[in-house]
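Same chain, two partners: chain A is paired with chain B first, then with chain C.
Moving on to the complex of A and B:
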């Protein structure tokens, strides 16, 4: 080796040393690639959010900055939207998570037709709400197949399953289930199957294995799945209009916010409703995540 | 620990397991006596793990039957068989402390709390994990996890303990230590054990009886000494350290004594199978002695590669006919040396 370094070598040495000096201060230059993304999020999410927040404290008529919030809770038509939306979002998310457990459980192993079945279960995710709503109207409507069979079985009048609560709930389940199922399946596949085998050799029955091994290891994942499913269901809008009763029993928060802001031209009040919507979601997610901290959340691979 | 349910005889009768078109286990017959330590030995894909999983009930049989003291058990699910199993990856429950892992089987059996605690204490002491009993598996080293897995399986005092390559994930020093530990536990508790391994040294060191498997078929069953000194075929011999397999032609046979010849080679050995003209002469690397004079059963070779192993050297030499020899010797040799290697007649095994 010669003592004299070519200019190129010297440059590369300096470059390396800069990288090392930065690394020592905990700076990873590759992470700087995230800057455009961070700016994008700030512009398109944080700014509108903060703008909406301050707007909600500037009521249209002036005066008390909390006037919009006072109006919301003193007008039963608006205040009820919280309950109406929760009544849709919580059962839909809960059903989707609970229904995905046994199906994902069965779908873990290898069997013939697994891919076809998975595709079938996941297709609704690609349909979009409008197509689902049309399908629901055709199937569950007063002259749809379901009611034709229902009447043929001797019912006096068609079952009312569209343009009300049930229509929206069905729509949320159809579009939300594939999502919950895929998440649950991936969490379940992450649990080492030899753990259950070990429990079996130690005398645990199928039910005991599920209760003592699978469920505790799956629960943190289910909590996250529930949160995401709930957020999706809580912000329901198109299906609440198309297969629901948007002026009555499915007058959800997003519809209230839309109507106030864009029909009544009260942007400040609309913002206040949107903020309350975010608050309700945060409270539900917060409760679930706090419960999640009480669970085991480490590796589920079984290996040390 | 005392009073475990001893059995007299576990019998595998033409046990077969197929996966689709491939048969992993081809009609295995084996009788295991209570208190025995049996090792299933073979390379990966020989069916040894399949056999173990069939015994545990984790894999249903596709043929044959398993009986315990005459009672058929192969139709029972694993939780009804009550055999303890130690998995290769330990399969410790990551969300339970060491104590709860060890007590899991007892709590599944609804053992009263006082008895459960007493027995877990005893098991923890037995595998020397007193300091770690309240930790979680992720906080333990590989060897400690292994001890938990063993304690969890034996705390139930099962009639049969199944071990699936339990030492293969440990480093060399720990492997030796745990090997002694397993042997010690077996001797003090007398638990009947079936141990699966691909490491012949481990099997020889631990087992009372060895079962050598190949491609789903039992090749030889015998004591470590029998299998080590008297392998029944060239496959078992190769597995038991007969690294030199010299292709030869049989020239004469006199009872067991067989004379064989290859280009530049003439050896007298012991016949181990019915022979035709073509045969192989199997010799262990350590059975060669480096000598100076020519004579009977002496081969001439050129040293090619020498590896230093402390007391001994591992030497790769080439015969004049081009064949390769592995030799272990305490003589100091160097690459390029021409050497003479003598091997006793009874240490040359002739297989077809």
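Moving on to the complex of A and C:
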């Protein structure tokens, strides 16, 4: 007697085997849970982004699809925004990362008041850009407390620190430093302190230990911290308007994008600037991350 | 501690104290001005009053603004948790073709400056007539919030032993029971931490709300910005008292957040040496 499979049975067998083969690749019913998230990202992030991309190739007046980009690079008022933004974002991110290294170093381990000091360093996050801007204008302004002390110390004229490059840089440091510090501190506390202790028993000096043990383990984390700080500083908008000189020295890319899109209602040009903004940012981050791949990326000895 | 390291230590603490002094000055200037009768060109104002708070509260209709802020924040938190946690679960438990791509897609909204995707998003929302509504503001704020929940919850779910789920299944629990009676209680601390961080981020999110909000759907940050850029009509002290109200509410949120989350453990979940 031979077992004869009815077509229906055969189909269900095939379906079962397909299910098994898919399950071996990790595709099973659990993946249905991804659907809301995937639909969400597609609908609210990918679709608008692609829509903006194709819109940027449809200039308002018609004609050459690259017209918006040509306009951007041939108009110095717009083209200069790239350098203005980088000139603000790179130093701010670099300063925030470099300054948080020694401070995070002092904050390792346990000591009295550590929690209070951490909270104090995190407080600027709550200030928000507007209070920071108001405060900078009042504190560093020509008749503010800073310049009063500055004059009392014997300066001839008040330092010009608001409505220019410096005001925006200060606001970027005040809002960006807490983030950089928190990230650096968490990367640093992920490095096993016994590695340094072992080096110390072998006679390595403090400087040697820092240069050859802590730094190589910390560097990949610093690269990520730099990227995130740069993104924060790069998208500067409210403070560049309020404490900066939005029509001149601090006419950053986000101001240009906002003004063309929502004030002049040229969404095509605005999208083109937004796309260029994304491109510049991805280039900087790409360079940093490529450099990061050349670094040691093994375990940091953390007891995770 | 070696003698050589001393200057570095002094420099570090010195720089920190200088930073803090400036910070105190910046915050102090705003707080002082918000209580000032009038203040021009002197060390301290020539009189103190609390009236600006009342006037700011009335003139800027802060109660309405706070209600809108609260509604937007709660909606964003609830929706981002509902979408984000299942996604994080699937990402934590399965490896499947295309997972890398999905991971990148969930990372990009956090990595991109809000302006770069905010402008195309605002364009799309305007096209469908959704810009200026509460729905538009909530949708825009969800863009970074959902990936944020996914990113913080994935490592959290990874550390829950899969054997617990298997054991529950062996004892006869179905999928729904596993989710509601086994996983949910274990996930509550993580969900709470993620929600609070999303709440803080949403209340503080300026760009996306600014690009998509209309007159009736402004959150506190945006109306604060509007108040400041249209200054001159109203006294500076009113804007300052509004800024103090904003910072006060943010500070309250952050203090609550810090009770539940140790910020330094978000990246590398390490146990602090006891």
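Heads up, the rule we're going with is that the second predicted complex is superposed on the first by the 271 of 304 C-alpha atoms of A that agree within 3 Å, B and C clash if a C-alpha of one lies under 4 Å from a C-alpha of the other, contacts with A are read in each partner's own complex, and residues count from 1 in each chain.
Operating definition for what follows: a contact is a pair of C-beta atoms (placed from the backbone, for glycine too) under 8 Å apart; a residue touches a chain by one contact, two chains touch by 3 or more.
As the structure is a prediction and not an experimental result, all values here were calculated from the model.
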Partner chain(s) touched by A:296 [first = chain B, second = chain C, both, neither]: first
Contacts of A:70 with chain B and chain C, given as first, second, both or neither: neither
Chain B versus chain C as contact partner of A:146, first or second or both or neither: second
Which of chain B and chain C A:155 touches, first, second, both or neither: neither
Partner chain in contact with A:194 - chain B first, chain C second, else both or neither: first
Touching partner for A:204 - first (chain B), second (chain C), both, neither: first
Residue contacts with chain A in the superposition, chain B compared against chain C: C
Partner chain(s) touched by A:217 [first = chain B, second = chain C, both, neither]: first
Contacts of A:98 with chain B and chain C, given as first, second, both or neither: neither
On chain A, the residue positions that both chain B and chain C contact, one per complex: 205, 300, 302-304
List of chain A residues in touch with chain B within their complex: 192, 194-195, 197-205, 208, 212-213, 216-217, 296, 298-304
Complex contact set, residues of chain C against chain A: 2, 4-5, 8-9, 11-13, 15-16, 19-20, 22-23, 25-30, 33, 40-41, 43, 82-84, 86-87, 89-91, 93-97, 102, 105-106, 108-109, 111-124, 126, 139-140, 142-143, 146-147, 150, 200, 204, 206-207, 211, 221, 224-225, 228-229, 239-240, 243-244, 246-247, 250-251, 253-254, 258, 263-273
Of chain B, residues touching chain A in the complex: 56-58, 77-79, 81-85, 87, 89-95, 104-105, 108-109, 136-138, 140-142, 145, 152-153, 156, 162
Chain A to chain C touching residues, read off their complex: 25-28, 30-31, 33-34, 36-38, 40-41, 44-49, 51-53, 55, 99, 102-103, 105-106, 110, 118-120, 122-136, 138-139, 143-146, 148, 174, 177, 182-183, 185-187, 189-190, 205-207, 221, 227-228, 231, 234-235, 237-238, 241-242, 253-254, 257-258, 261-262, 267, 270-271, 273-275, 277-278, 281, 285, 300, 302-304
